[in-house]
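Right after this note come the structures.
One chain, chain A, links the two complexes that follow: it is found with chain B in the first and with chain C in the second.
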Partner chain A sequence: MPTRSAYLFLLPALLLYLTFVAIPILQIVYFSFFDWDNGIRGGFVGMDNFARLGGDRVFLAALGHNAIWVILTLAFPLMAGLLLAAILAERSNNTRRWLGAIYFMPRTIPLVVAGIIWGWIYNPLFGLLNYILDGVGLGFMAGAWLAEPSSALLSLNVVGAWTFFGFCVVIFLAAIQSIDPSLYEAAEIDGARWWRRFRDITVPLLKNSTLFLGLYAAIEAMRFFDLIWVTTQGGPGYSTEVLTTHIYKTFFLVGDFGYAAVLSVVLLIIVLSLSSITFWLLKSK
Partner chain B sequence: MQRLISISVGAILAAGSAAAETAITQWDQFSQSGITAAGPAMDELIATCKPALDGVSVLRTVAPSIGIRDSYRLAVSAGKTPDLAYTWPAASVLAGYARVGALAKLDKYYDQYGWPQVNEFYKGRNSYDGHIYAVPMEQDLMGVYFNRDLFAEKGISVPTTYAEFQAAAEAFKADGIVPVSFGNRDRWPATNTFSLILGLTVGLQAEQDVFFGDTAWTNAGFKQAAENFQAWASDGYFPRGFNGIGYDEANALFLSGRAAMTITGTWVLQDMIRGADKFDMGVFMMPPMADGVAAGTMWGEGSQWQLSSTTSAEGQDAAAAYLNCLLSDESRKVWVQKGHTVTIGTTPEELAEWGADPVVQEFFEGGLATTETNFYDLHTTLPESVTQVLYPELQRLVGGEASADEFLETMQAAWEVAIANGERWIP
Partner chain C sequence: MSNLSRHIQTVVLFVFAIYALAPVYLVLLASMRSEADLFSGPLSVPWPINIENYRRVWQESGFSVFFLNSLKISASVTVLVVLSAPLAGFAFVKMQFKGREALFALFLAGLVVPAPSIIVALYGNLQALGMIDSHLGVILPQAALLMPFSVFLMRTVMQDVPDELIEASVMDGATFFQTFLRVVVPVVRPGLMSLILIVFLFSWQEYLLPLVVLQTESLKPLTVGAASLQGRYGVDYGGIAAAGLIAFAPLVALFLVMQRSFVRGISAGAVK
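And then the complex of A and B:
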């Protein structure tokens, strides 16, 4: 096919990309250099808006919470998903299919809905969790899960893990099934027990999937918004504030478009960096 | 939505039938149910006020009361404000819109129509730089809803002093009843409660010294108010986990009969009256919380009508005439009877004459008895940048995460930045 025709076919997609992705991103970067009053653009302020980042304790807290979210996501749903997928892989086709579907189900629930459901579960007045704890004689453990700064972020991360765990199981399961069975058979003949086979065959051969899921989880963790907004709006205080909620408040509630643009640029840089690392690592494998 | 579409389509068709007819776009919060369930009254008044519109039709869009605040700000930034909007808040936020030239000055319409019910307090809250930019309509007051049956059962009288209020709260707590139902997951309810405590601890003048003068937030009176609020939480007046309980859930807790009182405003009067079917509900005004402070309550306009500066002169004239009709004595009666909305200027006697619920009468009788000393609502008075600091800081204060001093120092810092940025509103 002549090169010119190929470009013509690419043109519609390119135009859409420029209109809805590239130009808005450039616009946000442009906005960050101006002063704004109630959404009306004022004068050029150079790097003044960027200089505010260092003194913004909410930004620093939000960045820290995003980092904690990434670490917790990598620590629990990813690792547990890998382990469960390895166990499931040795079960019958039907068991795999059914359990895989059940584990994946929370992934299909919109985060807003998940937030509402778990908001009820955690509710200090009528929450199911406290009710169950009371019922099994663990009433002393009942708490105001989303109302205490010490437990709010962790409690929300459990919801995040609940929605992400099944996705990890399904991806790992598919990857495990693509491993040559003769490797496991040979290991078994050599007397390797399950844990040894998991550690020395499954884990190394799933490196690409783990890498993909890990970085995907990290990117998702940076972009998290709906679950937190529906449940705590970043509170109590700033204990569940993340970059996206800080951006939302600065833009929509305060109307400080310039600083909201700066925060968006920071988020964009972080997400683009993580994406670049993902592509680079996957390409180098 | 269907209703909205039908109203809009109806209006469009009507507009089409008269080629030269002008249309006014209107955004309001009057839905068919919930907090602002005055939709039927609005529909009726549009029809009633048609003659005042002089051939101009109204294209109406209903937005939720919380969302309209954000939608309007975006409309200002896009230069697409509706001709007429019934939105909130006034004071700093309204002043911000006026500052960037988004609103029309209404001085000549005030001269033309008078609108005497809008007193100096409300005029101030709707003014910027010597001009008035909005017509406040809804009368908001803050008070204490209480369960008369529980009070009678425990032999507790309606508190007339702060000490009596504290004694009542302690008595309910001792009996395992939540003294004050309170939920602050939505962040703004604490602002109302603190506004009330602040006004009753320091009084109107001390508030004005800070909001419009040079006194810092870190003064002794404000500190006492912050400590009072914090003490309510630490003394167990609120339900456990209040920072994780929603505003509606807190109201439901009170309506279930498991809490003796809840402190909120007239904006949920109808919901409360409808919901209190298990007990006899009453309302009282919170007594002053410090010696020498006059009785009063937090009051505000709820929302206000404002006109876009981009609307044609003809459209502005028609909209002002229409507003004059919406605020007439006949219309005020419709607002009360069909919209469950008490407009500014409505007296307790009129409420009785128009058959308003006794709780409504009780509330307004109490709140309007202290018009000279009623005080400000923080989150409709402070600039948005300060309000967005106030919300989380109050969660920290009442949750015991920050001391009164830390809270006030943070507020003072945000206040200074807002003043430096020219965001402070002074009536």
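And then the complex of A and C:
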């Protein structure tokens, strides 16, 4: 049924989306080709603003930190989520529901608040972490977790993982429950141990969910801002700088419009490529 | 399975439960600790229980105002999205029109656009529209940023509405809009509930937009209020803990009560 009223149905959503998302994206691309002085657009400078990327050490560091964040997320919360989901799948409905809710709960907490809570756990003087390390005789390991360039990014990733692993559990659990139970029964009759069943049935059949979550994690790792901003603001030095904080500083603190637009374009290209890959891979399955 | 490996698995389950719960538990304890009790260690149960921190933050640090602002912003964003995304989702699944694939692709592209990547242009636009330092300047962009996810979720939900139901209604002489309201909405009510919860949650969690758009103290939401409290009173741990709890408790409560709707929405948006 071809119908004109379809456009009316789309109108409210489309209007909002075009005005506040799609058009700003086009503007940013446009802005990035101009010279800017104090927020006033000057002449067209072609790729000059982009040429600055190569010599911007903060940008390169930020990109590296985003990449490290992706790897850490794949290595810890994603893997933990897979393992926990596989264990939970064999437990009673009640256990599954309760533990699922507990694991997922940190995700309902705003990242800003998560950052404040954990910033406090990591506090070198009053923090719980050093207190516990002292208490169990590991006081020599205590440190200024977020104030040391060597530990800041890793410590923050533990916070990110805290809000993410439960999400992975929920997605993996839904996927495991759609696996044909007779596969597990047959394996059990053949005498396959838990680990073998996990490795030979669960893991291969969860390839799609793993792929989805992996790419989702990568996109989130490029997008996140709140957690860093409320804890370290990219510091100490540039040790936790990420692309989003670099954009924020370049725009709001330095007032360099043209270059902030360039950084935004780079961020958009990266997340849009990642999401295209996701859709393409999931569709071709 | 051998008993031993089952026990090891149970230990793993519990360790992660502690990882998830401990920080929240710690904040709860700290928020009820009085200053006199401060040095008995972060893990001791505060006694006597003290709600002075809550009172102080709520009344003196403006958290009653921040709370109402969060409520107003999140409710407005949710209403805007709920009034527009289901219609669009319906059109994409159940109606034929020119440019359907292209328009859907346009929405799909927005699915991953982060607020920080458009803030450079958005900020100027909001200035031109006179929306800086107003709630509208937070509400409209936030609804727009959540629109792709919402349309996507609604498209998935609408796929389950039987075509015969819609055809029968249209045959009876109802317009598409009447059909949508009387036939479709009742069928997809659980999906709408998921949408409402997720949009409300995301909007309550938002930080960057209100941070840059709102300057007047009395307009700020909880996320911005909590972050600035941290800066102002660096050592008032009881106050910060109470503030943090006020900022996330409504979300946790909502999630625990409506868990099923949440999970359905998240896995529908994610898995399909």
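One rule holds for everything that comes next: the second predicted complex is superposed on the first by the 280 of 285 C-alpha atoms of A that agree within 3 Å, B and C clash if a C-alpha of one lies under 4 Å from a C-alpha of the other, contacts with A are read in each partner's own complex, and residues count from 1 in each chain.
Heads up, the rule we're going with is that a contact is a pair of C-beta atoms (placed from the backbone, for glycine too) under 8 Å apart; a residue touches a chain by one contact, two chains touch by 3 or more.
Predicted model only: the values in this text are computed from it and were never measured.
Chemist: Using the touch definition from the top, say if A:37 reaches chain B (first), chain C (second), both or neither.
Modeler: Only chain B; A:37 stays clear of chain C.
Chemist: Counting only touches as set out at the top, which of chain B and chain C does A:89 meet: first, second, both, neither?
Modeler: neither
Chemist: Of the two partner chains, chain B (first) and chain C (second), which one does A:228 touch, if any: first, second, both, or neither?
Modeler: neither
Chemist: If you tally the residues of chain A touched by each partner, is the higher count for chain B or for chain C?
Modeler: Of chain B and chain C, the partner in contact with more residues of chain A is C.
Chemist: Looking at A:257, would you say it contacts chain B, chain C, both, or neither? Reply first, second, both or neither.
Modeler: In the superposition, A:257 touches chain B and chain C alike.
Chemist: Counting only touches as set out at the top, which of chain B and chain C does A:206 meet: first, second, both, neither?
Modeler: In the superposition, A:206 contacts neither chain B nor chain C.
Chemist: Taking the superposition on A as described, I'd like to know which of chain B and chain C A:80 touches: first, second, both or neither.
Modeler: Second partner only.
Chemist: For chain A, which residues lie in the overlap of the chain B contacts and the chain C contacts?
Modeler: Shared contact residues on chain A (touching chain B in one complex, chain C in the other): 39, 252, 257.
Chemist: Provide the residue numbers of chain A that touch chain B in the complex, in ascending order.
Modeler: Checking each residue of chain A against chain B gives 37-40, 122-125, 143-149, 152, 232-238, 241, 249, 252-257.
Chemist: Taking the touch rule as given, give the residues of chain B at its contact with chain A in the complex, in rising order.
Modeler: So the residues of chain B in touch with chain A come to 70, 73-74, 76-78, 96-97, 99-100, 102, 184-187, 239-245, 249, 253, 384-385, 387-388, 391-393, 395-396, 399, 401-402.
Chemist: Would you tell me which residues of chain C are touching chain A in their complex?
Modeler: Residue list for chain C touching chain A: 1, 5, 9, 12-13, 16-17, 19-21, 23-24, 26-27, 41-43, 80, 83-85, 87-88, 90-92, 95-98, 100, 103, 106-125, 140-141, 143-145, 147-148, 150-151, 170, 175-177, 180, 201, 204-205, 207-208, 212, 222-223, 226-227, 230, 237, 240-241, 244, 247-248, 251-252, 254-256, 259, 262-263, 266-267, 270-271.
Chemist: Please name which positions on chain A make contact with chain C in the complex.
Modeler: 1-10, 12-14, 16-17, 19-25, 27-28, 31, 39, 80, 83-84, 87-88, 90-91, 95, 97, 99-106, 108-114, 116-121, 126, 128, 131, 162, 165-167, 170-171, 174-175, 193-195, 209, 212, 216, 219, 222-223, 225-226, 229-230, 243-244, 247-248, 251-252, 257, 260-261, 264, 267-268, 271-272, 274-275, 279
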